[in-house]
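We just call them A, B, C and D in the order they show up, numbering each chain from 1.
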Amino acid sequence: MSAEPSSTRRPVAPGAEEILGLYFPVLDHGFVSLVDYMGTDACIERAARVSYGFGTRKTQQTRGLLRYLRRHLHTTPSEMVELKFHCCMPMFVARQWIRHRTASVNEYSGRYSLMPMLFYMPSPEQLQKQASTNRQGRGGDRLDAAGYAEAVRRWNAIREASRDAYEWMTGNEIARELARIDLPLSTYTQWYWKIDMHNLMHFLRLRVDSHAQWEIQEYGRVMAGMFQRVAPISYEAWIDYDVCGMRLSRMELDALRQLIAAGEDSLTARDGSTLDAAALGALGLSKREAAEFVGKLVDTGVPHFDLDLARAKPASYFEERFAAAVPAVDQKA
Amino acid sequence: MSAEPSSTRRPVAPGAEEILGLYFPVLDHGFVSLVDYMGTDACIERAARVSYGFGTRKTQQTRGLLRYLRRHLHTTPSEMVELKFHCCMPMFVARQWIRHRTASVNEYSGRYSLMPMLFYMPSPEQLQKQASTNRQGRGGDRLDAAGYAEAVRRWNAIREASRDAYEWMTGNEIARELARIDLPLSTYTQWYWKIDMHNLMHFLRLRVDSHAQWEIQEYGRVMAGMFQRVAPISYEAWIDYDVCGMRLSRMELDALRQLIAAGEDSLTARDGSTLDAAALGALGLSKREAAEFVGKLVDTGVPHFDLDLARAKPASYFEERFAAAVPAVDQKA
Amino acid sequence: MSAEPSSTRRPVAPGAEEILGLYFPVLDHGFVSLVDYMGTDACIERAARVSYGFGTRKTQQTRGLLRYLRRHLHTTPSEMVELKFHCCMPMFVARQWIRHRTASVNEYSGRYSLMPMLFYMPSPEQLQKQASTNRQGRGGDRLDAAGYAEAVRRWNAIREASRDAYEWMTGNEIARELARIDLPLSTYTQWYWKIDMHNLMHFLRLRVDSHAQWEIQEYGRVMAGMFQRVAPISYEAWIDYDVCGMRLSRMELDALRQLIAAGEDSLTARDGSTLDAAALGALGLSKREAAEFVGKLVDTGVPHFDLDLARAKPASYFEERFAAAVPAVDQKA
Amino acid sequence: MSAEPSSTRRPVAPGAEEILGLYFPVLDHGFVSLVDYMGTDACIERAARVSYGFGTRKTQQTRGLLRYLRRHLHTTPSEMVELKFHCCMPMFVARQWIRHRTASVNEYSGRYSLMPMLFYMPSPEQLQKQASTNRQGRGGDRLDAAGYAEAVRRWNAIREASRDAYEWMTGNEIARELARIDLPLSTYTQWYWKIDMHNLMHFLRLRVDSHAQWEIQEYGRVMAGMFQRVAPISYEAWIDYDVCGMRLSRMELDALRQLIAAGEDSLTARDGSTLDAAALGALGLSKREAAEFVGKLVDTGVPHFDLDLARAKPASYFEERFAAAVPAVDQKA
């Protein structure tokens, strides 16, 4: 981004200005950079109140309103802030990411341009077995060293063959849109991605969740740190009401009502009340739901997504790496 | 709608077929009619499993999957069902309704066509004072009979003047787009409105809520009854997880953890545990949030939105009433 | 907006900075103000190329690319620019405007707040008769002075009755959501409205078109001038390819092919070729389409939407007028 | 789909019923099936008129209205028809397809399920060199037989290595979300895809265009044939105004005005008028634009997208092929 600061009459988020255009590494070759933003916490309040110009509200009043809006799902004012990212990720991550339809996207085109030969290699820590409970993810149980070595050997063989074929085909002027069809899903792509803060919060809540694929979580965590710098009050409300909040069903609330007495401004445990599996079932909770309910009462702590500025790189760092990874046969003008 | 049934190879929802094209009155001149639909509960399961053709799944298995999807916010399969309504409502209701941007809409055009002179008149029960707690709605406190009579007198005077002006202007061939600018917001308009079931559930949850304006709630309740007939299993899940469910914040969950001990498959009240106003505040709940939290533990019962088929009218009933209410000066071809 | 400029590392549009937060009057009480923006012409190019950081492209190269993208409907890069407006308009205009579903909106709430008693009064020039050709608009034929006076008399009577009723009802603490239901559609409302440039261009093309209601055209023209200041190269392309461009049908192109011979890099009229009504009909053009086709060959000139900065007001100008027009009975905190 | 027809009171499109649930092969392993639809041409007219129930309009009147709407971009009524497809395509095609954000999608999950080992192999006709003019596609110039054989040899080697690795990894219980990361982009995936007719027309116009990648064109052509059977009048209008229509710029129209004289209901070539490269440039057309303009006057004929019912398969045909291609190590319940 511009090394030279300019003058503007637009609202400015000082925390965001500090990181604007810095590239934060993710996985082995990927990155996320906040390249532009519009609006701040104060702009959300102003839109919610449909007020004229900048006021002189105290931060404390803004915080109260923004938390009220978030709690009661008055989400339209949070659409008034916009963030634009430059991101680079393996294609299997890109395919999950693009399912969020409320963003604007411009992706690097493999039909038009030559692809850099960069592929994602999972670390030994991440090469885990299929989870038995979360049936779509990994379960924490790592492969042994020999197994990991074998996986790496196979991946490298595939990638070498893919790269050779890609270079041979593009070297023989085969249409790029065909030369790329046997690149593996681990190949890195990149895009510009713009989204409003309301939809970003939805995206991030799903993507920093432990049920998301670990690789996309890594992107979510960095982007959550960027969101925090654009709109810190909104970020705090998002942590309290979304990330660390839970949805309780009618049956779960009925269970709570049997365990807790609500006073005028107090809550008291009903002495001796207990709900065993049978009682939870009688309330309409399936066995699976009962287990989920119990799990909601386990405190898993509050996540922190602060950015580590020491890890940030200039744009040129990645630009050079990617240029070097493009097959040498030919360069588009 | 077609009096004559046809043959189709599409999935059919028997409950919806019974009411298709019937017009259900809402408020004094309005209506809602389900005029078309696509898909059923079974179609949601099929999309979620990306399976081929119609299977032979048992309803019980479908129910388990659909409730799991709803509970875990896997919402895309519920976009696979679509409903189309013909609706008629006062313009102030239409203005709230149209804020939901995920529907397709075709509204009656006051630029092109003459408007029927039909206006919404609130009943004595509904003419209430501003609520003190819910600062945007009515508070339950009714006006006395004299006050109501005075309100009605004023409304009738305004409407008579509006109607006279509209008839005078359209009678003098003033452009309809201008002749209508002083019609009151209580004037009825109508539209075709199509939406997928996922977005319908979101719309309905907000609109059957007690914080919505009562007049739009009336529409929501009838449409919820129609939704129930298209996809009864999804409807039940929506009641259990959305309408009668609640979102709890990080601080509220922390409070629960102090009041309840979670066992392996059971929950037990912690004897002697109580959280007074100070304790709730110490957990980070503002005074307002603490009151909202206590309120969540009050059982407000399960709403029922079954349609009363005895109230249904044929399309012609409303068609004739509306044709009769159009100024006689001139009729578009 | 902020009187004090700040420092930013974001891309800056100098033309937009000059007008940021200025309020431009529209109609008798309305306004539009550009209150924030994100991105410039250069950002569109950068997104289209998925390039790193700010480059050193010449404006001429940017222009060529942006015009190419516009011409070939590669519209996603133009989503990368965002504009935020504060607007005030009569409700009948707001109802047309809100049909564009791709924007974010926060409207002043008549349920929560008291409405200012400001109503739109058409000028004598605008009080025209229904068009005979464009069946939904006005036709240019003005009412005579007596007719206009009578229309004004009727409008004033309705507005006086509406205002009296509104003040009486809110003075008697009737819920605001009901007190407002007989305000006329000419009552002014206001909102914050945010949209990306791609969707703004679509909105503006429809709304500066002569078939749109004249009152909303007035808003479109001011907003087109604001767009021009954010992204002047995109604006020029929009004028050339959208506003002053036309869509030709298969049949119309077939007609052109009979009238014009295409050389390698030249076009030549085919001597003696003529297509009369019968010939156009034989090509598949209905009588109406043939007339539309002939109309497309009439040069209607290039519109200019430059803003007149001398008309701009500070936010406080409208803030004070609106505060003064709110009934005095009671003010929300 | 259901072998057994049911009774419905919904509008029925007879042409669509004939093909409902039939699977049409595309490429070497892919398919498209229309699995459900809502609405017909008559429903679009009814929504546009906001009329009650089924009328007795003649098809000719419906056609006139629908073509008028299409010509003048009154697109909202065409959102009232909905189509649902079951599609199977290589992932590089899926990645282009998913960029259309206005559809609902449920894709087969490689995190949850085992992927079938089916890969797209381009035919000798399709293995062409990069185009020099259309810089993102193939140019028609085929590889020689030896070149094709070499490409196939390389593709087969990559696929064999990918399949072996996938089977080895899933056989060793490595998380499926990781086992799949080196599958090539030519691997087939599948999804349910639902879209309204307005957005389908936009999608199809771009995807049957010669600038789209040939492989996705193949899907577009089959889906255009399905659209034709749901709404034949709309389809015809789409061909005439979109597929075979063109957008002309301000400068191109200015050129036409120099070559053609518009009479009251006729068009006549201006004898002796010619515009050479210099004259076109003087009108503001760049060299590239001038060439594009000349190209618009070349008649490329009217495409036909009629489905060949003889090629249709039952769902079970593909279901069995895909089940057989899933690695045998383990099957999800």
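Everything that follows uses one rule, which is that a contact is a pair of C-beta atoms (placed from the backbone, for glycine too) under 8 Å apart; a residue touches a chain by one contact, two chains touch by 3 or more.
The model shown is predicted, which means the values in this text are computed figures rather than measured ones.
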item: Far-end chain from subunit D, centres as C-alpha averages; value: B
item: Gap in Å, rounded to a whole number, between the CA centres of subunit B and subunit A; value: 33
item: Gap in Å, rounded to a whole number, between the CA centres of subunit D and subunit B; value: 36
item: Contacts with two or more other chains, residues of subunit A listed in rising order; value: 76, 99, 105
item: Chain contact graph, described as a line, ring, star, complete graph or other shape; value: complete
item: Contact footprint of subunit D on subunit C as seen in their complex; value: 64, 67-68, 71, 73, 76, 99, 206, 239-241, 243-257, 259-260, 262-277, 279-280, 284, 286, 288-294, 296-299, 302
item: Subunit D residues touching subunit B - in the complex, by the definition given at the top; value: 1-2, 5-12, 17, 20-21, 36-39, 43, 46-48, 50, 52-54, 76-77, 79-80, 82, 84, 86, 104-108, 190-192, 194, 196, 314-316, 318-319
item: Partner subunit D, residues of subunit A touching it in the complex; value: 90-92, 94-95, 98-99, 101-102, 105, 109-112, 120, 122, 126-131, 135-139, 143, 147, 150-151, 154-155, 157-159, 161-162, 164-165, 168-169, 172-178, 180-186, 213
